[in-house]
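The structures come next, written out as structure tokens.
Paired with subunit B in one complex and with subunit C in the other, subunit A is shared by the two complexes that follow.
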Partner chain A sequence: MTMKLRRRIFIACCLLPGLAIFGLFKVYPTVQVFGKSLFLWTGIDDAPKFVGLQNFIDLFHDDVFLLSLRNTGFLMLAVPAVTLTVALINAAILTRAQLKERAFYRTVFFFPSILSFVVIAILWSFIYHPTIGFLNSGLERIGLGQWAMSWLGDQRTVMGALAVTMIWQAAGYYMVMYMAGIDGISPDLYEAANIDGATGFRQFVHITVPMLWEIIRITIVFSINGVLAISFIIVSVMTAGGPDRHSEVVMTYLYGQAFANSNFGYAMAIGVFVFIVSLLLALLSNRLTERRDA
Partner chain B sequence: MKVRKTVPAMLALIMAFSLLVGCGSGNHSGTPANSADGNAAGATASQNGNGAEFANKELEVAVFQGGYGREYWDTVAENFMKEHPGTKINITASPKIAELVRPKIVAGNPPDLMYIAGSDNTPILDGLIKDNALTDLTDVFESAAEDGGGPLKDKILPGVLESRSMSPYGDGKIYLAPFNFGVMGLWYNKTLFDQKNIPVPKTWDELFALNETAKANGRALFTYQGLYPGYLEEIIVPSIYSVGGQQALDQFYNYDPQFWKSDTFKQVWGLLDKIANTDNMLMKGTVALNHTQAQTAFMQGKAMFIPNGTWFEDEMKDAPREDGFQFGFLGVPGFKEGDPVKAMTNVEQIVIPKKAKNPELAKAFLKYLYTDESVKLNAEKSKAVMAVKGAPDLAKPYIPETTYNVYKAVDSGMVAVSGSFKSVAKGSKYNPSDEVYKPISSIMNKQLTLDQYSDKLFKIYTDINQELQQ
Partner chain C sequence: MSEMVYRDKKGGGKASALLGRTVLRIILIAQTLAVVYPLVWNVLASFKTNEEVMESPWTLPSSLNWKNYADAFTTAKIGDYMLNSVLVVALSLLFLIVTSVPTAYVLGRMRFKGRKFLSNLYMAGLFIGGVYVIVPLFMVMNHLHMLDSRFWLSAVYAANSLPFSVYLLTGFMKSIPADFEEAAMIDGCGYFVTMLRIMMPMTRPAILTLIIFGFFDFWNEYVLALTLITTDAKKTIPIGLSNLMQIQQFATDWGALFAGLVIVLIPTVVIYALLQKKLTEGMMLGGVKG
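Presenting the complex of A and B:
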């Protein structure tokens, strides 16, 4: 009995610091965000004025917010979908095809993940540079000069260009995760499939994907949340929300309202809204990808 | 083969970038330590601070540490402490000074005096203005200047103290004190103009006529800091003044919706429309370039004119340039023959928060900053020119010749135009300068017509007015 009690006290003591830090740095600020979103507050005075849900009502009448929401939505859909598909296919090819250069490719594809986001953003803004950029020069070199354009300066291409950067950044990271997962699948399955005459593609669809399903589910949630965080840095450095706000995302708009426009309460309302939306998205993707037999 | 060549090149590139980033963070890492030192020193000094002249002898000063550095502040504080024995000034300096002082302001414990500049930081001043959280400084400028010769306000450049940037509420009371001033307008490569005998344009027509010359010299006529269309303010504001005078400028800055239907609007924005729609006028890809990329392209001879301010030469001192490149400042051309050339000026600001613990000493220190000795010291240590009469001449030995000439031009004949938007209502979603300047990217991309633009701004100005009246 005393042994059991002691054990419990010991466990509680071990948990306490972690819980305290979690509470102080995660729970408390989140609660504050929810609270402050109900106030009209410049972020510097000490007398915020309570306005109830007005900030949330304003959100839906704010054209710039709606535009930034649409842009973020595009990134949240397109980037995880393409990133994870590319990562999965690359992982399957690299593990199953028994390439000699396997280790080399793994390193090269993983490389973007160890670079800081700011570096990636600067690198890509030079790749897209309208005159000396790698992309436009490349197009001109192969005779497609008429396709060259200022990718980041045109409202039709800017979001696509940003999405490509984010996919390039993240694909290698998820690929390595998938490769580890594939290595854990019993080779017997593939051998049996080979004997039955299944093609590589069928093996991918019927063995690799189902066996990795739990990992894929987690990476979907990771990836959606990653987009939210990374989009802020990529957009701030590469386009500053331009041209004419066509690449504004909710995070850059939130920052602008809070720090450039002294509209802290409103910015917090945006934060709450984003929090709820990403929570819903995570739940939704979890629900949708749930396997019936599980 | 190809891969092998590009990989090391890429690696080198990446290395170079990571080095750059390394430098950047190195700069920042110094600041928290500084502020910590300042606090520690403050804590010890406050215990023995009790003198005759000032009840409280301790001053907390927060300053922006940008291109001008912090040396001036350290030195001027030392000089002040020598002249007022027993006082103790603690300087906190940072490129991100707003981030540093924000928590202190929220906690109701702001620094006694703040010099806030740099576009990352100035928004905090707008917040303080909206909150009525600044000390009235009118008495400082009404009182006699330290080195004699009438009230201090007579020493300041004319028009500055009356402007909205210093008297934000339009009630004649000064809440922000002027510090360094900058002059902005169009720049060109002086060597090119001298060698090819190109006349420096005095009107927009003359400037547009140079398009052929630009083409012949393998460059576009104009470029600007595409990602940050706010730089275009430097030609738009003086041009509004050129066409419609102070009245039009007031309409523009005070949110009179009719401005967007006026002839002034059509003429001024017509310039941009012309640049967007005439072959070779706008440098290819301008809209997608950040300020450094655009300015580098200009210095490499890809464009003939670019808007920028007196900091240009210092900012780009390490940038690549075409052979013989020399900075030349043109200002902003007039609209008709005989119109004087104009330039935009802006003045940095110093404030004393309303909740400052030691406003008396802060005011004394502020006044001290305007002494000739301090103006000269500022020029020597920061290479900057204060908004004080005769400052360019006091600064002459320390600043580059081109920069001196720009200041001198404003001193003698060139019309200086300045202004700033009236504060929008507290809680307004609109950021006036974003609303006005950001859509210009779309005009330049030919994806927005002037009519659509003016309709949009008409609505926004109407909204802002309504919010202000509520």
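Presenting the complex of A and C:
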């Protein structure tokens, strides 16, 4: 056996196992989702019928889909905005104020991001629970009993309640990322600002945020994508889309169309639509946050 | 410290600095409570009788009611779900290492036709999430009779983590100087021996990072496990818990559910306590991961 042949065999042996599972479980389904989104396919044993873009046209006449799109849009805006702001402020406090307990807060705040989403969802279902949860009974204790309500059962509060859960889960994760970024900023900058008498707040606005900007940009994209994936678990465990579908998000709607209604083609059209929208959002947020001076 | 002290001297406001720091502490402690209290509440509730749970969320359990934990293992079968999870996590990690290390080695250190294309293909995989493709994935696996199998579920998990793992390991492999390999080759080691004996030990930090992330990802995964496994006896812990919640909600019998949540939290807490530093370092090593 020549050296060249042995080298080829080695390369093939190394690549094949990975390519086999990646191709079968990732590439092929992705190709399928685009192709089959053009078909009417309403049963696992039925032959798909080509309908062109009809599935996509139907989407915009589907009230539940539009509602789920609005809810997802709300989460994609509110959750990253609050999560990243909280994370950034906490990171700045922990790195700049030089508290002795820094390591303690860091450990505690990071903790929710390693918990199972299902555990978090169940836990928060009970926090919001109208009878045994401690949110309502806490409000009663401090004399705000009239504010107590069925947080997940009321269509006015359900999305906000879900958003709080998602922020609770993710803020610590991004905080740790920002902390590492701030630790990498040259201390001279802060020292110079101190000599000039700049307050902590001004230093945050004029040094910390601009120096971290590239990291912030990446985390915006990651956070938006994270919301899309996590919203499925949070919604299906906490509300199952209720009350009366007012907390339905696109991912739960997609899942229900496929596995409860056997509308496979339609579900795949939802998948394609969401995929394209999230790609556009990532590009858009990249463009919007681009620094003009750079 | 030095910067702050400097400013304090200049402004002459030691008291105001102390005040500022106290305000910051109050903000941080309030957040600490918001993170910790739900978990403490859960642990307390897991020792309460059902009546105590219904009565008030602020009281301590009157006695340590271990019956909830016994129920969690017997009637709610948490132990079985947990075994399934352990099996699936172990298998997935095995699949992941066996596929990602050789792929990254070849892509990172050898030149051949198609290398660029394959690297880009794996890169593109980073952007394709789980739920989009769940319908065709289900169809393919149904067609090939791979559904309801912990073995194939693990293979899917590995496939999902492959793009990130290849990306992380390739970068790591590229940074290792070629001298080691050349020396091994001159000593007559074949390609496989060189990879296993020389390169694998040198990439250990990156592999360890993958294992840690993999553990949390696979242990917590929900959507795929929900869809691809149908027999109750094969279900993993996240599915078991969410089923339990549906059941308990109607039975208004919470004890076993709270105990189940605590049981699931324990391995995560232990691993977090042991590997906290590695985990946050690993986040930096891999850049960012959503």
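Throughout what follows, the second predicted complex is superposed on the first by the 265 of 294 C-alpha atoms of A that agree within 3 Å, B and C clash if a C-alpha of one lies under 4 Å from a C-alpha of the other, contacts with A are read in each partner's own complex, and residues count from 1 in each chain.
Quick note on the criterion: contacts are C-beta pairs under 8 Å (C-beta built on N, C-alpha and C of every residue); 3 or more make two chains touch, one makes a residue touch a chain.
This one's a predicted model, so the numbers in the text were calculated from it and none came from an experiment.
Superposition of the two structures on subunit A leads subunit B and subunit C into a clash.
Of the two partner chains, neither subunit B nor subunit C is touched by A:P48. Between subunit B and subunit C, more residues of subunit A are touched by C. By the touch criterion defined above, A:P243 reaches subunit B but does not reach subunit C. Legend: residue contacts after superposition of the two complexes on their common chain; A:V64 is shown touching subunit B, with no touch to subunit C.
Once chain A of one complex is fitted onto chain A of the other, the partner contacts of A:T131 extend to both subunit B and subunit C. By the touch criterion defined above, A:G73 reaches neither subunit B nor subunit C. In the superposition on chain A, A:L115 makes contact with both subunit B and subunit C. By the touch criterion defined above, A:L123 reaches both subunit B and subunit C.
Touching of subunit A by both subunit B and subunit C, each in its own complex, is seen for residues 44, 115-116, 118-119, 122-123, 125, 131, 259.
By the touch rule above, subunit C contacts subunit A in their complex via residues 1-4, 6-7, 10-11, 20-21, 24-25, 27-28, 31-32, 34-36, 38-39, 41-42, 45, 53-54, 56-58, 95, 98-100, 102-103, 105-106, 110, 112, 118, 121-122, 125, 127-140, 142, 155-156, 158-160, 162-163, 166, 190-192, 195, 216, 219-220, 222-223, 227, 237-238, 241-242, 245, 254, 257, 261, 264-265, 268, 272, 276, 279-280, 283-284, 287-290. Here subunit A touches subunit B in the complex through residues 40, 42-46, 51, 58, 62, 64-65, 115-116, 118-119, 122-123, 125, 128-131, 150-155, 239-245, 256-257, 259-263, 265-266, going by the rule given at the top. Taken in their complex, subunit A has these residues touching subunit C: 6-8, 10-11, 13-15, 17-19, 21-22, 24-30, 32-33, 36, 44, 90, 93-94, 97-99, 101, 105-112, 114-119, 121-127, 131-134, 137-138, 141, 168, 172, 176-177, 180, 187, 190-191, 194-195, 197, 200, 215, 218-219, 222-223, 225-226, 228-229, 232-233, 236-237, 251, 254-255, 258-259, 264, 267-268, 271-272, 274-275, 279.
Listing the residues of subunit B that touch subunit A in their complex gives 13-14, 17-18, 20-21, 98, 102, 105-108, 123-124, 126-128, 130-131, 133, 226-229, 284-290, 293, 297, 302, 426-431, 434, 438-442, 444-445, 447-448.
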